[in-house]
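Two complexes are shown next, each including chain A; its partner changes from chain B in the first to chain C in the second.
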Partner chain A sequence: MRAPALIVENLRLKLCADRGDTTLLSDVSFEIQSGEIFGLVGESGSGKTLTALAIMRLLPPTIKATGKVIFDGVDLLALPEYQMRSLRGNRIGMVFQEPVAALNPTFTIGTQLICAVRAHHKLSGHKARERAIELLDMVGIPEPRSRLGFYPHQFSGGMCQRVMIAMALAGDARLLLADEPTTSLDVTTQDEIVRLLERLSKDHGISVLFISHDLGLVARLCHRIAVAYAGELVEVGHTDALLQTPLHPYTRGLVRCVPDLTQIGVLRGGIPGTPPMPGHWPGGCRFQQRCPLAGNGCDDAQVTSSLADRTVRCWKSAASVDTASIENTTSPTNGPKNLARNTTS
Partner chain B sequence: MAAASVSSIWSVVLHRLMAVIPTVLFGTILIFGLVQIIPGGAAEEAAGPEASAEAIAVLREEMGLNRPLHVQYLSWLGNAIRGDLGRSLTDRRNIAKAITERLPLTIELTVIALILSLLIGIPLGVLSAINRHNRIDAAVTSVSGLGLALPEFWLAMLAVNLFALKLGWFPATGVPSVELGWHEHIQSLVLPSLTLASGAAAAITRFTRSGMLEALSSSYIRTAWALGLSPAQIFFRFALKNALIPLVTVIGIITSSLFGGAVLVESVFVIPGLGTMLVTAVLQKDYPTVQSVALVLTVVFVMISLVVDIGCAVLDPRTRR
Partner chain C sequence: MTDQSNAALAKDTLLDIEQLCVVYRGLTRRPVQAVADVSFSIARGSTLALIGESGSGKSTIARAIAGLGPVESGSIRIDGMELTTARDRAAAAGAHGIQIVFQDPTSALNPRWPVWQSIVEPRLRERLDRATQRDIAADYLGRVGLNTRHMDRLPQQLSGGQRQRVTIARALVSRPKLIILDEAVSALDVSVRNEVLVLLDALKKSEQLTYLLISHDMSAVAQLATTVAVLYLGKLVELGPATRVIGQPAHPYSRALIDAVPALNRTARQELPHLGGEIGDPAQPPSGCRFHPRCPFVMDVCRRDEPLLQSHHGGDVACHRAIEINTASSNS
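Presenting the complex of A and B:
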């Protein structure tokens, strides 16, 4: 079996303020195999971006991280800053949402790209320039040589995102953290960027953490998926298994929300309510206020149960994992029908 | 592409140059109009307090003050364009010549003060932003607050008292010309330019700090950290350039106000610059001189904003057309 490229173990984030600490992320654990594209989905505020920034150690100093982030056999959270800096943009690249804003408006993309190249490779100006052209070519920018003199505002969002990806891969990237890289792009461009990431991962054996709120997009791209809810991972599993038989009620709700183009005009059921904000999480299961299956036992601390590459944080679903009677519990019987009525009214 | 961005900078220069002409013209109308509104006539002042009504009338005719206003304006403007600003009412001196003698000293004082305030303000502002919310930031913020609050004329008097009269490090008044020695010349400008620079340095510190903080919190600086660039490169190259864009506009305004401040500082230090010339002319109701100095200052201000616009175009590629 391939060795994991990244192991995140019990990652916890706390916002330390004068008024007291607020937990932002609790006990997030997952592994990304080398060469794997791993999806992280969830609503806004579920802690997806925080997870990526914690791996990169780019969180503001007011947020304290505990747990372990193991990359290349070392715990990133324990590394001194200067060693972390030699990994950032070198072994670990990161791509952000809003690509136009993520590029410096006052420098040409050539200057920015050459800077990224020279941050980790001792190259002469000329060689770095050639490497920058090579990178632009790699991410599919036509006429890369002449594009070096362009400013970010002269590019479209999709082109800027390609440049961002080229910059993130300017070192010797083994892991790419892609934080909603397609959110601000139109659907066609979205598809191009997704295909580009897929190709780069395959050609260069790069592992990718793909963060998105778009389950359909993640399903198309990723080998495995983790579902985040209110600062926790509620379910982790292989894409096919997770989509066909979602175990956690929240995952089930998400899967039901994905539009089905074969049934145009049919409104999909949503999940009623909004996720609780950090600091307002209920004890026990954090989804219980919105869960159609909530009942006795949901107030207790939820343990994750794992079986056959599947992790789920729900005692009811956990029981179903154990009895392997997955089909029965996942068919929408009593709860989800009420749910559909709630959202369409 | 490089050639294209250079040519687009020149097109910005050309456009702004075209805009300079109407601005200066409007300025001349204002200056001419304002001087007409001031009570008391030029002829009365020129003739002196004991002059008879007939003498004044003759003088009015001689000075062309009986002509319609627009004719007077156009002839004044025409002469000014040719470099003839008329003669002073008080000592009959050629005003254009007096200005060319005095303007360099004022420009020298202002430019030295500007350079000093940039050399003090930008590093302090960057230092303050990098050390946000710690003791260094607090210290810089309170010192710059003091610099903004203290009036220049008061600082000037304090400086003369302490450094010139008590310690004797610098001369208290006057500026010997360069021919008498560079050393003495520069030494005599230290106190005036430092006092003049105090407020400007404080303002530049504040604006640099806020510009840097805005840049440092931006998405593209997060990208720079994520690329593993060194802090020095991130602060002084990628953040500073963005912080300088709003600062260039501020520097333009500050330079204009330095010219204004020079009037006060020149008076305290008795420096024969444009400021003292203007103050004397106003006190003696020497209208042609007031008009001429105001005109020169207008042209100077317009030129400063021209430089600012070009500076913005150089720094910020988005403002180029």
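Presenting the complex of A and C:
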């Protein structure tokens, strides 16, 4: 087994203000194998984007990060800023939600892409241009040579997102952080972008951290999934296992919310209530106010229990971890994600 | 239109749209025909969902019905009353019981007004006294699952889901017959979205409402819709009961659209070749079938002749090859 592309260990984020500190993220730990697409799901405010920004070290100075983010054997959180700059956008690329807003409307796609290429490689103008064309071709933009002269407004949202992905790959990216890259796009365009990410990870061995609030989408794309709730990860596991036997009550709620187009006219219902905001997290299990299983013992600090490839932060579900993972190794699941099991086993 | 759908139309139609055309004219660009000859009707108490990619004309139809956008030709009738000829179409739509709920509740509410004031705004001209107004607001807050605690809050003090509940309350306050939900749940988190869908379903029964649901979110459509209309580049390509259109879409575009949704379970059917390309430019729609440049089943006839809506398996489909394609895929 190769070394993981990224290891996040006990990542904690604290917002330091005059009124006191607020914890935004506590003890987030996960690993992404090389060539793996790793999904991070959760509702807004669960800390998904903060995790990505912390990995990229793009957080404002008022947010203090502790823990370890190990990429290529180096702890990114301990790197001096000038070394981080050589990694950011170079070995680690990032794609954001609003592709049209992320591009400068007054420059052509070519100018912006060539600029990104030359920021990471010492190339002549001509060579950089060739590289830009190659990148556009790689992300599936037809006639890349002529498209270099286009302005962002001449592109659709999906095409702009492809350009953003090309830019994120302009360096020598081994890891791509994709923060809700398809949220503002149509389902058909979303499908195209998802296929592109799949292809990049398969053909070029790029690892992807895919952040989304849509569990259905994450399940479609990712090999493994981490579920975030109120600043911590409540469950991590292989896609098939997680969907078939969700152990944490919150994951179960999310799985129930995934579209099921075979049931027409059936209301699926949500998880009542809203997630608590940072600073208002209850002691013990943070999901207890909304949890159907909440009872005695949920006020105590919740330890994560893990067995095989499954981690869950719920003491009531902890017992079922064993059985679930045994079932999982013996019975071949019929999902499309067979790759998921091969990457770590 | 077939005899069968005519019969259904006569039964108890609330909204009837016939041959609706919307053309946007600019000073410099050529006119854009955003909606072309769209006809459908919504039975009282049902939910019709309009689905399609962005640029297909979903919101244009919604705005035309609510009187907020232009209408080139065609007719929009609610309870038999023609709306397109009114001098002030927006006022006419409101007076005949059409309300609309938009996608973004934050921009739909006045940030400086407390919630109760926003809710009673549609009834301001009744010149009610303040206490009555507050009573009305409290009543409607209760109906949307909020309570009097929320009365004096400002929109920014509410969560996204609560804000959307407030805009729903505001739509309800003038006792509408039809509520247009223009991507009303799309901006919400999945769990909150499903909660709001439960609310909308309950309100439909308790307030005797009819919905026109406009959404790109197929999950919302599957949960609420009784009828589904699929639009492509301003044309209706498929219309039928939700179970049929979502369960067994007949038009290649509907199939591609529904197949693109990441969902857990699917009805097993032959996977379509992956749909490439993007929705075309409505200013220069393709000849013949507007979907032909992206269609995996394209033939010469598709490039030449525009297909008409024809009844097919309990719905209407506009595709030259619908029967052929669907028998082929059910056999294999």
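Some observations on this one:
One rule holds in what follows: the second predicted complex is superposed on the first by the 321 of 345 C-alpha atoms of A that agree within 3 Å, B and C clash if a C-alpha of one lies under 4 Å from a C-alpha of the other, contacts with A are read in each partner's own complex, and residues count from 1 in each chain.
Everything that follows uses one rule, which is that a residue touches a chain if its C-beta (ideal position, glycine included) is under 8 Å from a C-beta of that chain, and two chains touch if they have at least 3 such contacts.
Since this is a predicted model, take the numbers as computed values, not measurements.
Per the definitions stated earlier, placing chain B and chain C onto a shared chain A by superposition produces no clash, and the two fit side by side. In the superposed three-chain model, the partner touching more residues of chain A is C, compared with the other of chain B and chain C.
Touch criterion not met for A:Arg145: it reaches neither chain B nor chain C.
By the touch criterion defined above, A:Lys64 reaches neither chain B nor chain C. Legend: residue contacts after superposition of the two complexes on their common chain; A:Cys257 is shown touching chain C, with no touch to chain B.
In the overlay built on the shared chain, the residue A:Asp191 is in contact with chain C alone; chain B does not reach it. Contact with chain C, but none with chain B, is seen for A:Gly216 once the two complexes are overlaid on the shared chain. Legend: residue contacts after superposition of the two complexes on their common chain; A:Arg199 is shown touching neither chain B nor chain C. Closest C-alpha contact of chain B with chain C, superposed model: 9 Å. Within chain A, no residue touches chain B in one complex and chain C in the other. Residues 1-2, 5, 218-230, 233, 238, 241-242, 245, 315-318 of chain B are the ones that touch chain A when the two sit in their complex. Touching chain B in their complex are the following residues of chain A: 56, 58, 85-90, 93-94, 96, 98, 101-108, 115-116, 119-120, 146, 148-151, 153, 164, 167-168, 170-171. Listed in rising order, the residues of chain C touching chain A in the complex are 53-54, 159-161, 189-195, 197-198, 201, 216, 218-219, 222-226, 242-243, 246-247, 256-258, 260-267, 274-276, 278. Those residues of chain A that touch chain C in the complex are listed here as 43-44, 156-159, 186-192, 194-195, 213-217, 219-221, 243, 253-255, 257-272, 274.
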